[in-house]
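Listed below are the structures to be examined.
Shared between the two complexes below is subunit A, which has subunit B as its partner in the first and subunit C in the second.
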Partner chain A sequence: MNRLDTLRGPVAPLDHNARTIAALAVNPGCDRRALLDAAGVDKQKTAAYVGHPAPFGQSPFAITRAASFDALVKANGCAHLLRLLRETLGLSISEAAYADISDVGGNDSHQMRHTRTRALLKRAAAGGDGSCTLFDHPLLKLTVAGHEVYLEPSIIAFQIEGRFHVVEIKSFAVVDDQADAGQVAAAARQSAVYVHALRELFAAEGLDPERVSHDVVLVCPKDFANHPTATLLDVRQQLAALRRQLSRLTRIDRILEELPADFTFDLETQSPDEVGKAVGSVGARFAPECLSSCEMALFCRAEARGDGSTDLLGRTARDALGGLESIPAVLGLADESRPPSPEQLEIAEQLRYVRRLYTEAIA
Partner chain B sequence: MSIMSSYARALAAQEGRAQPVATVRHVHLSAAPMVFIPLRLAGEAAAPLAAMVGTDPENPRLLVVPQPRNRDLRFAFMAELADVMLPYIEGFAEVVETVEAKTPYERYADAPQILVPSRGGVAFTKLLGRSTRFRRADGPYPVHPTVPVLGQWLTFFADRAEYAGSSALVAMTDALALHFATGQSPMEDANLATQLAWISPPDGQSGAKAALAAEDPLISPPAGPDTHPDFDGQVLEHAIRAYETSGSEAQVREALRSQLTPTWSLMWHAVRLLRGLPEAATVDVRWVRDREQFTRETARLAEGGSPRGRVDSAVRAAIRLADLESVVQTYEAQRAFDDPLVMIEHRVAGKAFTGEVVGVDAARRIVPAGKTRPAPRPLVTIRTSDPVRLSPGRKLFSSRNRKQRTEVVGIDGDLVVLQINDQMGRGASPAPGSLPEVGDVVCYAELDPGGGQRPRLPAGEDTPWTHGGPPTPYTPTDEDAEEAWS
Partner chain C sequence: MPISKLGTSPPTDERTRALSIASCHRYWKTAGASGIDRLLLGLLIRSPTVELDALERRIAELRAQVRAAKAAADHATVRLLRAELRKTERAWDDALDPEPEPAQAPSLSVREQVHQALTLLGVPTAGKMIVAVNEAFFAGRVTAGQLTSLRRDEEKSFRTSPYARPYYLCAALTSELLSPARGLLAVSTWPAQIRIIGPLSPRTDFLTSAIRIAEHIARLIHAGEDASLAAYRLLTGMAQNIPGAVDGFDRAEPAQVIAAAGAELTIHRESDMHERGQAAKRAEKQLDQVTRLFGAGLKTARTA
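Moving on to the complex of A and B:
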């Protein structure tokens, strides 16, 4: 049993997915999240156990809708998808084969599926007879912070103009060729994770990673109907950001070194108080954005509130306040009850000035 | 976010109560605004689920779609919504005032105002407008005749909401954030319940604690358009199933009423809070614009104007963008000149300063560039303790006379020398009262309330090929009218 298993306790580890990796990359400095994810800890359960249940969930209506749209696009060997690739994107695909990798001869273990995905992709890349194959339920592998995770993109299409494309199916609507910017951005970040994982796989197999296109095929419902439409989404920028963030991710080993050998988040043997202390002893970097992406966010926010941290006010406010870490420090420098350190001289002068004008104006 | 509003947030967190970031009210508040809280089915683009709507705090109208996946029920809902909204909107098209101008014209004396809880409500209003404005009362999928009319109005309101300073369709969380800094993040301020908890916490409770309590979806259900996932799974799903088996919508109605009533109360609470602030000087000027736009839209619809197309033409989009930018500039300037608290942000940034006039050279005459005869160009010297970051030549305006153009001539220590360029009458020397006097406390800022000049754009029919050539004007099509809504 390794250290990460001890951390998690005697339960099956929770899988990383593209969403969690994308979220991790958004907040790379957070040791707490990195460690909990690496150990496969169920953050949702843990957060509820320590009295700060996650502030979000998914509506059954949204889940049904996403599943039915996914099924629609993939029905009949991805007939809809093929039509979209031909018509909407103007790609010359005569006919296509379809390979489902959701299990390998009845075995659906991750290891088996990944090996199969690898073999199929390698064969496709080596053969290159110009025919198109759609791989459904492929399973990729990626090393995140020294820890291997499996990833399942919607579909990988090979080959369109000689390259591999990641196809992402999302159920948010594209109305009059416009979609919600936040949702498109999230889809781009997630797809970038798949492209990155696929390129890593190619590199490991001695193939040219550039054969994986940075253009992701995004399939969404068109207008208010259930009819799919496709767009090419360039994720180069997200890829670059992801690569940079993943390389900066704190190595899990370094975090583990600082923890006692019997350290654990095991919900079965530890009281809520003990788990809370254990979680709290690993450094976090809270930002209000965590509230929509991390199950532990409310725990971390309560902690930040206890510390009077400027993180509570949002990243832009914190930056505007010269990066000062605590609210009492901001107000102390402003009302001169706290002497500034040499590097705080400039922000202290600004804060004193702001306080004087503010007090005058509301008087 | 500026250092001033961030400081106010820090102060709010410390004091346990929201702090003011405005001393006057910068939004127009109608005597009888219509509060509109729409809900949609999670996961769908624009499937209306319910709405609470009305102008009387004591008497909200609750509209529901007992099976949100049923297209006919959706259109029945929109027709019912039209029953509530159209009489309200069209009721303002009665009292007319005549505007004295070179060519006198008429405009309505007042205009409708719709208040939604958050930006999500504005976006959903836009989608509701988009999904109904092309419909027709005849043809293969006829709808009630009022539905496309409502669709056009909702489109109009959602469009107005993109113009800075317009009060036709207001997201309450934005209106509150203009006036109060809470001790939480701007992201969390998008939740009306927690934002209000910081602004007016119950007696004896800190804003932080009240906001925490307000996060409980059982106490303050989401203000929409999305409902809470737990509510969807534990209550709504069963209620919809009950409707399907029994045909009675009572259970769905009661479930949705429980989700909407708390937000309804919060909305009117927020209205009362904002009413408590005195109205800023230029609020009326901006409301006049809203009234004029309302007058134009009423006339356009009366002439059977076709619904706005799916996509704007190149010229129209360029004009719209230029207008949007220009009103932002005007609005920023007006707000700052109306409110010393808002002006602080510009003073801290070095773009504005306040000080005492210590010298006036009223007799100065020079030959301005491009002219042949000398004209009065007085110099005014102001002593300020603000950290001015303006270079000579910068054009400034003042709260004293928002039309008078001035420019920076020089800055020497805490002394700023300005040259006054116009608004001094036609005489050889400046008209009395047109210049500040020694001892006056004045505020000058690099903010132009006049807005920018709209760039010269070709007429629609002269659109160059680079922009797609002359656009074919939008004509309503059968496909648009019959578009699926599943």
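Moving on to the complex of A and C:
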């Protein structure tokens, strides 16, 4: 049993998915999230246990809708998808072979599925006999913060003339060739995670990672009907951002080194107070954006409020305050009730200036 | 509400009936004509025991009258009374089974209905398609939920007494591992290679089932009756994903679908059949009679 298993306690680890990795990459400085995710801790449960349940999660209706659209696109041996790929990418009629890797002979263990994914993709890349065109439910592996995680993708990988694409099926509508910008951006961020993971897999197999295309096929319902349509989405920008963020992610080993050996988030043996203290002892970097992407956000916000932290004001304000950690300190420097240390002289002067402007304005 | 219209029994033995009706009627009048009271009254008067009692008394009475008329050698009256006796006896029979089932198609079990749909399609098929075909061409009383445990039940039945039934609904096997393919149902009497799913098989099976459905609609048209709306909807939905099978969102024409699907099928068929044939031979050699039908999983090799 390694350190991360001790942290989690005797429960099965939660899988990463593109959503969690995209969220992690958005806030790369947060040790707390990195550690909890790396250990596969159920953050939802932990947050509820320590008294800050997240009003968070996907609506059951949205999940059902997404699942039914996904099933529609993949029904009858991906009949809809083949039509779309033939129309948009000119896939030849003879390429229709399909492999489902949601289990291997009834065995759905991660290692088995990942091994099979690698084998099938390698065979397809070699272009030999019996190579497939479509790969449903491939299980990818990704190194996040120095720790390997399995990535459960809801996607299909497919190859055309030796080049591999990621197909992302989303249930938001494309009306008049226009889709909701926020949804498309989120889809692009998630697809970028898959493209990145697929490229890592290729590199590990000694293949050229560039054979995985940066063009993602996005399949959505067209207009107001339930008829699927496909568009190509260039994720080069998201991919570059993701790569940069992942490389900056604090390494888990360094965080673990600073923790005592018997440190644990185990919900069964620890009281809520103890778990709360344990979670609190790992540094977090709260930002108001966390509220929409992290289950621990309410806990971190309460903590930041308790400390009067400048994190509460958002990233822009925090960065503008240049190294001042707490709101009372900022106010103290502004009204000169607190003497500035030598390195705070510059910011203190600015704050006093702002305060003067403010009092003149409201006088 | 006139009292005479309340009952359906013949107008004999009025005393008991009139008593109960009158008391009910009185109650109804005093209690006020709320909906529930009306319902109670209706139930009391139409209650089968009251009706049957009256009919039985009437039958006994008629029999006595028939005997008396016979003794008096009054043949005309005997005939009349006998006719009425038969009528009353029929009414008694009807009253005994108050709501006979409305005439319906002979009710097949879920298993038989699934077999019917699979026989039409001729290839291993997912539950959703079986339900759609059943709805389009047959009784349409199978729901997706009923199919979930079907394969397991069939396997259990086969294990306890192999080949006791004429056919079993079994699994399709994946070509590489000979494990049961997810969500597909097949019929045990099909040749082994039809029940194998290779990489190209999802596509060829889809094309084959589109052809089979189109052929069935053509048969129905040829026989002088048209297929249901659901059948055309099913065919059109499938045809939209076959190149050249349908123009835009028009209704699919069976002949055009058969031609287009057949054209694509010729491209895939050879390599698909080769793959399936090889796997079928392997299955023949490596598997026992149970796993040949229901697949060999890797589950047994899993260690905790």
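The definition used in the following text is that the second predicted complex is superposed on the first by the 333 of 363 C-alpha atoms of A that agree within 3 Å, B and C clash if a C-alpha of one lies under 4 Å from a C-alpha of the other, contacts with A are read in each partner's own complex, and residues count from 1 in each chain.
As a working rule, a contact is a pair of C-beta atoms (placed from the backbone, for glycine too) under 8 Å apart; a residue touches a chain by one contact, two chains touch by 3 or more.
Bear in mind that the values here come from a model prediction, so they are computed numbers and not experimental data.
Partners subunit B and subunit C fit side by side in the overlay (superposition on subunit A).
Residue contacts after overlaying the shared chain place A:His80 against subunit C, while subunit B stays out of touching range. The angle formed at subunit A by the C-alpha centres of subunit B and subunit C is 90 degrees to the nearest 10.
More residues of subunit A lie in touch with B than with the remaining chain of the pair subunit B and subunit C. Judged by the touch definition given at the top, the superposed model places A:Glu289 against subunit B, while subunit C stays out of reach. Residue contacts after overlaying the shared chain place A:Gly105 against subunit C, while subunit B stays out of touching range. Once the two complexes are overlaid on the shared chain, A:Arg355 sits against subunit B while remaining clear of subunit C. By the touch criterion defined above, A:Glu257 lies against neither subunit B nor subunit C after alignment on the C-alpha atoms of chain A. When both complexes are overlaid on chain A, the residue A:Glu268 reaches neither subunit B nor subunit C.
Aligning both complexes on chain A leaves subunit B and subunit C separated at their closest CA atoms by 12 Å. Only residues 71, 75-80, 82-83, 86, 93-94, 96-100, 102-107, 109, 112, 130, 132 of subunit A touch subunit C when the two sit together in their complex. Those residues of subunit C that touch subunit A in the complex are listed here as 126, 128-129, 174, 177, 179-180, 182, 199-203, 205-206, 209, 238, 240-243, 264, 267-268, 275, 295-299, 301-302. Per the touch definition, subunit A reaches subunit B in the complex via residues 55-66, 171-173, 175-177, 221, 223-227, 288-289, 291, 305, 308, 310, 312-314, 316-318, 320-321, 327-328, 330-331, 334, 350-351, 353-355, 357-358, 361-362.
For subunit B in complex with subunit A, the touching residues are 1-11, 13-14, 20, 23, 41-46, 127, 130-131, 183-188, 208, 215, 226-227, 229-230, 232-233, 236-237, 310-311, 340-341, 344, 347-348, 387, 483-486.
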